[in-house]
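Both complexes below contain chain A, partnered by chain B and then by chain C.
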Partner chain A sequence: MRKLPVYLVLDTSGSMHGEPIEAVKNGVQVLVSTLRQDPYALETAHLSIITFDERAKQVSPLTELSMFQLPSLTANGTTCLGAALSLLAERIEAEVHKSTAEKKGDWRPLVFIMTDGAPTDNWERGLEDFRKTKCAMVVACAAGQSAQTKVLKKITDTVVSLDTADSMTIKAFFKWVSASVSFGSQKVESTHQEIAGMSELPPPPPEVNIVL
Partner chain B sequence: MSAKTITLKASDGSTVEFVDEIIGSGGMKDVYFSPDKSYVVGFFRDKQDFNAKDRLQTITGIYRERIFSQQGGDYWKDLFCWPTKIVEHKGKLGLVCPTYQACFFFKYGSINNDFLGIKGKEKEGKWFASAKNQNKFLAPEERGDWFKYLQICIRVSRAVKRMHAAGLAHSDLSYKNVLIDPTSGRAAIIDIDGLVVPGKFAPDVLGTPDFIAPEVIMTQHLKMDDPNRKLPNIPTDRHALAVMIYMYLLYRHPLRGGKVNAMEASKDEELSMGEKALFIEHPTDASNRVKPAQLQDSQLPQADPVKIPYTVCGPYLKELFDRAFINGLHNPNVRPTANEWEDALLKTVDLVQPCQNPKCWHKWFVFDNSTKPKCPFCGTDYKGQLPILNLYSPRQEGTFTPDNYRLMVYNNQYLYPWHANRNVWPNERLAEEDKKPVGYFVFHQNKWLLINQRLTDLEDKTEGKKIGFGEAVELTDNKQILLSKEDGGRLIVVQMVNN
Partner chain C sequence: MNFNDIVPYLDPADKEESLKEFFGREDIKSFLSEKWKEYTDTEVTLPKDTDEQPLSVQPEEIQTVTNPETPVDMPFIPSIPDDEETRARYQSLFSETRHEMFSRKLKGTHIQFQNGKVNQPYQMLLDVMDLGMPEVGRLEFIGLNEIGLNFNPETCLVEGIPTTSGDFKIKLQCYLQDWKEGDPVFEKPVTLIINPDPRALWNSIPTPEDIPYYKPDSDCKYVKIGRTKGFLGMGAENRKDMVAASQRGRSHAHEGKPRDDDFSIIHNDNTEWYTAIVADGAGSAEYSRKGSEIACRTVSEVCDTHLTKYSKEIDELIKDFDRDNSDSKRKKLGDALYNILGSAVFKAYKNIEQEAVGNDAQLKDYSTTLLVALSKKYKFGWFVATFWVGDGGIGIYNKETGYLKIMGEPDGGDFAGQTRFLTMGEVMQPTEIYKRLRFEIVEDFTALVLMTDGVTDPKFETDSNLQKPEKWDALWKDITSKVELTDDNEASAQQLLKWLDFWSPGNHDDRTIAIIY
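Now for the complex of A and B:
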């Protein structure tokens, strides 16, 4: 059975310490439990989490939803977004199966990137690596006032922002992510665009602003 | 924090109330409960144009009346969740619908004390149409048995038949838009607001993946006004119905096999469900066979057609599956109608036997016409005598011809008026009186007996003996029993299989 890979790329730098990181943990929990209640997502969606601070790390390899265990997340250090993008490209290459003449491959992955600051490493190099992968959808989220939407706009056209990185707002973002994946698991199959844009996603809640 | 209640006037002048707190969001609407939760109001997020509004007015108005206000209209209340009124609030158009019946919400949910947290959620058909969800996640109390799935398919076919008879196409039939309850065998069609009326209201959705007909997928790149563009209509509903029945009875998709039609996933999907669509159990073209090595353990045995071929559904359904997925897959006009599905399913119900393995979750199977019957789902052989009744109808005075209709006998099985007379048929028009059995079968002291309850003419033709009320006739090989002397009254010829 074709799997639908979902990658969450999360900023765990020092500025996320306290309420923001707790809100992200809670948000991932909400995401997993919501998707488990959707019989389509449960059958096909697989989830991975990549975190980035002074280095990038895949804290959860691509795992079937029903088997997914919440990783422990802590926030400290710098914001190596570039390293995260390189690692993301590497993991997609390794974990998402391509079609062969004999076997159907997986769906193209859905990627959600969340950061609250400006990258501190050479993010352009990471972006170069990431550009080589083919994704069905890439959504970048700028959480709070210090996040740089300009950089995110270079990564993807679909950028959203949160005015504050508090628990209510971050939770609203993750609820929207789960709706997008549920949506995605039905819609990817009928869509014809290379990469889905904002119009293919469910309307975001008031806490989530679309960055044009 | 309690949300406030908003009161509105509906288009028909009646009062509609809803609690201002979204309980769910679909593809197009946000849904709210009425204060007593007896109905819901769904508001379209986008502005609806004149056409859409006209369509909704017609659906809640004359189409609804055409089905529900006629004689026997009450029968359909359980089979459809039909929108009743239109409201407007803050410039948004809303539809009022009855709340789903309680049986369509999970009571137990998933295994391990509902580890998925689905208790209280809607029983969307997808939970049950997938081998993996069935085998790995659903609580045993929710799964029902195979007989219940036959009943579900009968109800869905009947509801679709009724819509088609009124000239309406649902246009987005899928297990998302049909709620089912395998614990009781009930089903209800929901999301009726997309109804298509040929020549009047065009469809605004293509359907749900898995259920969209090949001709719709093949022509979706064409412009809407291109004469070759195919859109949802009654024949595409028939494709969706066939897929749904196949999935509820066999827990796999009839077109999702091993054949790779393109390297890119979404292109492959488009070809495999469209232009290159091919039945995984096609008798001569084996190129889309399921590759068992590529299946997950949790999908077995159901997902492997070699282990459980579609022929386990019996001869009547096999014939219709052949028409739907072989001849009619790319030829919409020969697809079986909903009415044909209903008839074939009803006749199949008379062919089922209880499995003798108490642990078999299917619990029932279709007699395979062999001398060594066994349950195809768990592999348990049937032990003991098995009576099969072949039904014959009078065509001319004194002569009987076979009806291509059989009744399998099991302990405490009932005989009904539609078995005794070919002019009676167990559909929604069946009279109350005809819903009651006329006799029953028991296995008593090593003999199979038919006990007469209310057949005035019952006669053992082989022995030349009348059988009165409360009396029994023994079923033996080749015995001829006349059930009724009325017009259409049937004769049965007994066939015994010994094991």
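Now for the complex of A and C:
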């Protein structure tokens, strides 16, 4: 079975404390229970969650949707985006299988990065590691006014922003992520092609702005 | 001051106001502090059973006890009376803290059910010892029975077969050791996730019959070829039959989209040529269902016409090639096949192009793969010629001898990147057509099989596996366990169609297979 790996890379720094982190938790839960009802996603999509604050941590290893269990998320500390990118690269290398003569490899991963602030570590070094991995699609989300879209633009072309990091807006973002994973799963299953750009994702809701 | 001064204030009761006033008086205050000093400085005395003593008793009447173990300059801590009532009172205080402690502990304990699946046996060990809660005497769960599960206290197992899917809030109830009626029961909500059966999530919506180029969602056919006549009933022998089936994929059925695959199998009783074709219309092309249909029909018709017209010539070339395997004989036969099969393929391309023009559409809207096999039995064995463009597979398989011949290369496979289609101009160059022609003479075969990628992907997964006889053995075992491929068994067409519905996660493409056996 060729799995479609989905990595959620989530900022759990102190500024996410309170409403934002609760909204993220809720968003992930809704995402998982929605995708479980989608036959394409249930069979192909695998989900992992990497959080970053003072350090980066893979709180959920890449797990098939049916076996996925919600990790506990708490927000405090700084914003080590660079460490998160390095860890992401390392995990993709370890968890996503490459094609061999006897076995078709996994689909290239879909990555969703969400942050609400400026990175506090050497993010360029993390980016260097991350550039070595091959992903089908990387979406970076700047949540709220303090997030730095300029930094995110260096990581990926596909950057979206949320005007505020309140629960309604974050919820809308996760709904869109969920729909994107559905699209991606359906595409690989039906056409054997990967999602190749923003234009192939479902149109984002009004709360999610595309950063040009 | 005399104690008697105080007594009137205390008795009779109901003098709250005056009591306050009394204790507020400076002389009373200083008297009391003086007396307290006296009291603490002298031998410690303890009024016994103060509750029961009338307040009017004289100080001299109060019995004093001496606690020999308590140094005089230390504050005295009274020992707890050892009577039943006091014991009961202290016991309840003690158990209250015990309860509070457990409640905190339960709150802090991470309890998680592993996820389950509908209709699949579920089992999870939930041992209070493993959870670090040895004080729990009994566990109960509210909400398990409703989803088909139960908890067995003997084995500490949550087990059963979940009947419904969803995220369920199960209430865990803890009864502490020595629990008795009236004691608190500690509760904790725990989420239990039961996944739906993936098969149940797939809808099967019939394709609307009013769409352009409608075709039925499934199709199957059997071509029965009777025994040879022999001479006066002597030497009559069974002849191979043909069977084919085509089934719309779940991913199409889920959205009410049509089947894009097609096939054609015919046997010409005069020339004794077998023609088998499968075609897979590209999922991304709007009218590919028509492309695959035109391809199958055209190639089948053109080949039959040519093979009838040049029957004798072809027979001679094949016999010649069998006798003399030289390059020149091979070239001669190849050229003849190019003129028959190659021109049939090219005609299919032209017919699709014409259809596209007539429908004001583009040729690529009719993109389709094409796999063709022509076969005929001679005294020296079976001749098989094939043409193959796109993914899928054609193989000559002999179960007895382990012989396997894959008649070409799946292009658009793992490394080629893009799938090739019949409808691509570059594929229709004469050299490209020639390159895709193959022919072979084999002694006999168990089956000549043509498949679209809806079958090869789940059954072989990679191009390299397609070359492995053991993979073919497995496929053949699988097919024949469900389909009775005996001579002249027309029921096998329906059985083959049913077999095509096999379950393979992530593989829900249209599936088509044609077999000469």
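We take it that the second predicted complex is superposed on the first by the 204 of 212 C-alpha atoms of A that agree within 3 Å, B and C clash if a C-alpha of one lies under 4 Å from a C-alpha of the other, contacts with A are read in each partner's own complex, and residues count from 1 in each chain.
In this text, contacts are C-beta pairs under 8 Å (C-beta built on N, C-alpha and C of every residue); 3 or more make two chains touch, one makes a residue touch a chain.
Being a predicted model, the structure only gives us computed values, none of them experimental.
Undergrad: Looking at the combined model built on chain A, do chain B and chain C fit side by side or clash?
TA: clash
Undergrad: With the two complexes superposed on chain A, say which partner A:43 touches: chain B (first), chain C (second), both, or neither.
TA: A:43 sits against chain B and chain C alike.
Undergrad: Just chain B (first), just chain C (second), both, or neither: which does A:33 touch?
TA: both
Undergrad: Look at A:146 in the shared chain and tell me whether it touches chain B only, chain C only, both, or neither; answer first, second, both or neither.
TA: The answer is neither, since A:146 touches no partner chain.
Undergrad: Go through the superposed model and pick first if A:203 touches only chain B, second if only chain C, both, or neither.
TA: Only chain B; A:203 stays clear of chain C.
Undergrad: Give one of first, second, both or neither to describe whether A:1 is in contact with chain B, with chain C, with both, or with none.
TA: In the superposition, A:1 contacts both chain B and chain C.
Undergrad: Please indicate which partner A:103 is in contact with in the superposed arrangement: first for chain B, second for chain C, both, or neither.
TA: It touches chain B and chain C both.
Undergrad: According to the stated criteria, A:67 is in contact with first (chain B), second (chain C), both, or neither; which is it?
TA: It touches chain C, and chain B stays clear.
Undergrad: Which region of chain B runs into chain C, 2-10, 272-280, 434-442 or 470-478, after the two models are superposed?
TA: It is 272-280.
Undergrad: What is the shared patch of chain A, the residues that chain B and chain C both contact?
TA: Dual-contact residues (chain A): 1-2, 33, 36-37, 39-40, 42-43, 66, 99-104, 186, 189-191.
Undergrad: Chain C touches which residues of chain A in the complex?
TA: So the residues of chain A touching chain C come out as 1-2, 33, 36-40, 42-44, 65-70, 99-104, 186, 189-191, 193.
Undergrad: Across the complex, what residues on chain C touch chain A?
TA: 112, 114-115, 117, 165, 167, 191, 193, 195-196, 198, 201-202, 250-251, 254, 283-284, 414, 461-465, 505-509
Undergrad: Could you pull out which chain B residues touch chain A in their complex?
TA: That would be residues 25, 45, 116-118, 121, 124, 126-127, 130, 132-133, 136-137, 206, 208-209, 212, 220-221, 258, 260, 262-266, 268-270, 291, 294-296, 299 of chain B.
Undergrad: Applying the document's contact rule, which stretches of chain A touch chain B when the two form their complex?
TA: 1-2, 33, 36-37, 39-40, 42-43, 66, 98-108, 136, 179, 186, 188-192, 202-203
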